[in-house]
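By letter and in written order, the chains are A, B, C, D and E; residue numbering begins at 1 in each of them.
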Amino acid sequence: MQNLPKRYIVYGILTAVLLCAPFFLNRYWVDVLNNVGLYAILGLSLNLIVGHTGLFNLGHAAFYAVGAYTAAILNTMYHIPILWLLPVCGITAGLFAGLVARPIIHLRGDYLCIVTIGVGEIVRIALINNVFDITGGANGIFGISRPELFGMKIRKPDEFFYLIWFFVAATIFLFHRLEQSRFGRALNYLREDEVAAEGSGINTAHYKLATFMLGAAWAGMAGNIYAAKMTIISPESFNFWESVVMFTLIILGGSGSIPGVLLGAFLLIGLPELFRGFANARMMIFGAAMVAMMIFRTQGILPPLPRKFPIDKIPESEGTP
Amino acid sequence: ADTIKIGLMAPLTGKWANEGQEMKQVVDLLADELNAAGGLLGKKVEVISEDDAGDPRQGALAAQRLSTQDVVASVGTYGSSTTEATQGIYDEYEIIQIANASTAVRLSEKGLPLFFRSCPRDDEQGIVGAKTLIKAGYKKIALLHDNTSYASGLATEIRNELEREGVKPVFFEALTPGEQDYAAILTKMKGANPDVVFFTGYYPEAGLMLRQKKEMGWNVPFMGGDATNNPDLIKSAGKDAAAGYMLVSPPVPGDLDTPEAKAFLDAFKKKYTGQPGSIWSVLAGDGFNVICEAIQKAGTTDTKKVAEYLKTQMKDFPGLTGKLAFNNKGDRVGDVYRIYKVDAGGNFVLQQ
Amino acid sequence: MLLEIKNLHVKYGNVEALHGVNIQVDEGEIVTILGANGAGKSTTLLAISGLVSVTSGQILFRGDALHRMSADKIVRAGITQSPEGRRVFSTLTVRENLNLGAFTANDPGRVRKTLGWIYELFPRLEERREQLAGTLSGGEQQMLAMGRALMANPKILLLDEPSLGLAPILVRTIFDTVREINRSGVTVILVEQNARVALKLAHRGYVMEVGNIVLADSADALLSDADVQNAYLGGKK
Amino acid sequence: MEEFFHQLTNGLAIGGIYALIALGYTMVYGVLKLINFAHGDLFTIGAYLGLTLLTSLSLNQYLGAFLGVLLLAVMVMGLVGIIGIILDRAAYRPLRQSPRLSAVVSALGASIFFQNAVMLIYGARYKFYPQGILPRIALNILGVDIPLMRILILLTSVVMMVALYLFIQKTKVGTAIRAAAIDQGAARLMGINVDRVIMIVFLIGPALGGVAGLMVGLYYGQINFTMGWVYGLKAFTAAILGGIGNIPGAMVGGLLLGVIEALGAAYISIAWKDAIAFCVLIGILIVRPTGLLGERVAEKV
Amino acid sequence: MSLLTLNKLTKKFGGLTAVDNVSFDADAGSVVGLIGPNGAGKTTVFNLITGNYQPNGGDIIFDGQSVAGLLTHKIVSLGIARTFQTIRLFQNLSVLENVLAGCHCRMKSGIFGGMFCTPAQRREERDALKLALRELEFVGLRQDAEQLSSNLSYGNQRLLEIARALATKPRLLILDEPAGGMNEQETDSLIRLIRRMRERGLTILLIEHDMGLVMEACQKLVVIEYGKKIAEGHPEEIKENPRVIEAYLGTDEDE
């Protein structure tokens, strides 16, 4: 209770530092931060599925890809400004997730894992093979236009920085509220014990599907931003490894915890950049660091804190309910 | 600054780590030589290498990183899709980019003023490949690629070229790179009964297929594109199976007969033991050399002027891979492609 | 002295669950440990079996330091347990479970005989010998857990709430069995919620409260102890 | 028809390798419920160690081809098994009591570590086994030439599978392994030395992966530090297809996956073959949620 | 008037008929005990009522409506709540959150309500919190609301399960061995709790092997053996029923 304000002070300072980052970091580091932000969004979206609901999803890149390709195709073919497409990307990715998840959602643990890997691979292979003749095959899609906001074209890393981190902030805000709500709790119940959740009157199948769709929709929107940032997208950017990174950053940071996921994104995307000095040994050290961090903090670095409820505000009652 | 910084963007890790590491070896060697000979404009040249891991997003980061370190030019990189992800960044920061192995056509069709490449383009290769196939009198041609942007592009170029000549390939499909067993694909291809197979992908798969095809007892001739130009092809296939394999490519390092090349190969041998395996790393060296030459001649590190020099004034620069000059798009002029055939001893023998 | 626990401390993470427990068990005794929920009864039994690590203190079995032995050695030394929560191997059949109980035994003839005896004791288990243990009813699983612990012909048998979830008629069978095997020379340490029955069966008893032994006496004395009656026997009846 | 048969043999051959790797996957999974994502890299290490030993010891020159290779296989299995045990000690054992997904991340980290360690030690370039270690003969079966090595690979995995199955089902150690797989605490109460069981599992599983690497090296000749990733994923798929934790399941899953890939490539599309395989997998799991041979499930409310 | 009627209910597991043509009913506002030897099929009957298993035959009528074959959460929202024979709490969540799980099915807000904190959503959350705390108070656990549920003692965990079930606002409450693992004192307070729940108008169906509790709490007993009903009636009658004594109670030779 008492350290609650202290925690918020720390968060406040970190936010302020982050906001000023473009003024004292060079463009390269700003771009690294942009990537961190992008993965933070992806991580937060996957966190709903993996962290809160406990569904083992290693194919999140598929939904990311659907969003990115939706944005790229509609933008290059119909010249719709890319940021307008944000909701469209969310909806297509969400619907796609609903479609594929429906028959498989009842699978347990590792069976679900391999199926999501499969979905990710199928999507990637479909993109490479230029499915419906609109994905551009292995070349991908290029010539995506830069986003425009209030008449200002966004192109430099510093400019993207604010776009991306605004999105991160919005995501945090909304997801934090969601966590505290009936929906968020329901996800935790079914992670803990599906039978007991169902027995407490929770429609587990419905919630699994809903969390999948919501997480996917968010990844789809992240895909839109990615497409806008890169202006060229190709299937290789959505391979299995991407899903692994998203998954890893959640577990490393603290499954089910928003600050944890953010920290995870910083570590997983930022750390390899710091190790650049090690040249060839870079990734080896990174792998060892992953193991070490997991052993050091087996629950993740910042595991979620318990929810708080205004219990004191509700007086003890007199009789039976 | 008291040094002139040249960037090298290369896949130092990841799938193409071997190519990237060799690129670095070559460029480092040339820079050392240059510095020993007095440097550029009275200053030392400093090579800053960044790893793009053969991946577009990592490539974009590497480019950002180089850009913030005030490089005049950036040499590299290998994969076309990685290069493409970085073009906008260099353009924005007005840094010259000279790709060494990114052969996709569209890279130089965007009208970017500072983009160059020391390697040829795929359309050229497509034409040479198709011509060779037709000249050899093949009628039933199987085309196989590996679904990378380079290989599928090349395969399409060849197909278009063939169809223009009235030849329709009897087989056109893509394999999955990185696997080891291509028996199923070979068996299927055999069913189409082609006179020749042209594979546009990379040498590891080509080598495996040569070997497995032999094992199956199928002796159809195989041809390939420049991505199979690597001595490891022979090791992978084995001399027996590789014999007779033909490929379209810029010359292999060992066939570079200019005095510059000879001197370079000697120096390389001395420093790293052995020859560079890949022509693409030598092309990175050429990229580095032409940039230095242009800076020297233009007498400035102003990138616009350097680019101007490269496009208009550089003629027949004696590079490691032959004479270099650039057209207005930044593409290398002159025909670089040769036809090679593997002989019984496992050597790449230049034809004609 | 067959088993002697001296000043036993056990921690779960940072929380200490046992704060210096002392228990002595003589050969051939039935000793019961009573106590409220969370007092540390199960923890004590787990410590004897080597399933939780001992922070400090000693557990001596005929003078050997059990607290330094690994769990499998303890079983080999002749101490088995029917644990709290039954912990049957859910995806193995009833028979496989029972065979595992005799994992350390190396006299096949004796094992077969014991198995026959257990089937006699719990005919339901024989009836269901090919059923997966996880699908047994609660009470059936309890029988299996007990049967499994008996399969090794132990010297000391640790029973953690063996009557939990059993029908009254079976509860009686179980306690009769305990008495019977005790007569055949097996020492028994019994943890029970059903304190009255346990005390009737046992020779001696210990009362635990939040990680400490607060009372130790003969079973009869405890049965008539006023405090014990109030706390564990639901008042006078 | 001949082409179909030929494709079938192609599929079985590659499936044999998948099966062999999947066996190791399944073993480790069975006991620790851990998806050992580093298993594919142990396979890679097997291939590289095989190459080093082959070129440095030249066993085949002294002992003849088959005996030499056999001894080589034993050595590779031993070494990779030891690496497996070390891996478990270092990366998995500290995580036994923690959430399952933490161990998965540790496994991913270990995989990255191994892969890049191999790159650092052996270099990034492809490596090649010397040719002609084993005689390259082909047997003609039903009009199709089938290389002897392919039959050998298939045979090895079948033999290993049967041996492993008998070991797990019939021996005392096997029983201990199965018990520890369900409840380690309860297994301890039966007098089972669970640490030793896990050590055995981490000896056998990686050893099987290692020997698969050796065979791949010997047969295909070309190895590379990233190859384990693809094989590992395929083997994981195979293990799930058959029902993870189930030894004959790994075999069935591996062979089936190989055959689906070959037939998918032959009759539908080469470029889509992996997608086809995954579609079949998903289809099978929809109908049989715990794989073809299934896991034993006994959950009671 | 009967709230729940089982009509020739049958459930088979492979060759085993775990529940065999069982029929009985539970009057609204009564406490009915289901007893029988181990493995008789009692838990299975409960699982059929709550939709965890699908019956092979027969019907379950709750409040005039057939609930056989419905999904569990649907059945809960119709007004049947349960506890489990082996405790199934959400171990890593707080006591309060466990009870809030029960409130879930009486709430409406969804993803958007949660994200945007609409006034209706806030009101609903507050009401749920109130209800949850009241139920905790009812079973006597309010002071532990913020504890991790796995830190509760065994007996309290059982009470928490009851509170969670109560939070679904059920009309029929199904308790599977609620006194299992409780000592005599705790059992006594459980009996008082059952009485208070009955006073709230709840109908209760319970399985229990503790005859003391059964005798004191139940108005009616149904006895099954090998899946078949062998007796039904007032506790005092049942106690004397020779068949029940033989199969289940045994003869008291001690006392």
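One rule holds in what follows: contacts are C-beta pairs under 8 Å (C-beta built on N, C-alpha and C of every residue); 3 or more make two chains touch, one makes a residue touch a chain.
It should be emphasised that the depicted structure is a prediction, and the values quoted were computed from it without experimental measurement.
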How many steps does it take, at the fewest, to get from chain A to chain C if each step moves to a chain that touches the one before?
2
Of the chain pairs A-D and B-D, which one is connected by the greater count of C-beta contacts?
A-D
Looking at Cα centroids only, farthest away from chain A lies chain C
Dist(centroid_CA(chain D), centroid_CA(chain E)) in Å evaluates to 48
Give, as an integer number of Å, the spacing between the C-alpha centres of chain B and chain A.
37
Distance from chain C to chain B - Cα centre to Cα centre, in angstrom
75
Taking the mean of the CA coordinates per chain, how far is chain B from chain E in Å?
73
Shared-contact residues (touching 2 or more other chains) in chain C
135-136
Mind pulling the residue numbers of chain D that touch at least two other chains?
116, 119, 269, 271, 274, 299, 301
Per-residue multi-chain contacts in chain E, two or more chains:
43, 52, 84
So, in the complex, the side of chain C touching chain D is made of residues 49-51, 70-72, 75-76, 80-81, 83, 87-92, 96, 99-101, 103-104, 132-136, 148-149, 152
Where on chain A does chain D make contact in their complex?
50, 56, 103-104, 106-108, 110-111, 113-115, 117-119, 121-122, 125-126, 128-129, 195, 240, 244, 247-248, 251-252, 255, 280-284, 286-291, 294-295, 298-300
Chain A to chain E touching residues, read off their complex:
174-175, 177-178, 180-186, 188-189, 192-193, 195-204, 210, 214, 306-307, 309-311, 314, 316-317, 320-321
In the complex, go through chain D and note every residue touching chain B.
3, 6-7, 10-11, 13-14, 17, 116, 119, 123-126, 128, 131, 136, 138, 145, 147, 216, 220-222, 224, 226-227, 230, 261-262, 265-266, 269-271, 273-274
Which chain B residues qualify as touching chain D in the complex?
13, 15, 17-18, 20-21, 147, 173-176, 178-181, 183-185, 187-188, 191, 204, 207-208, 211, 215-217, 232, 235-236, 238, 277
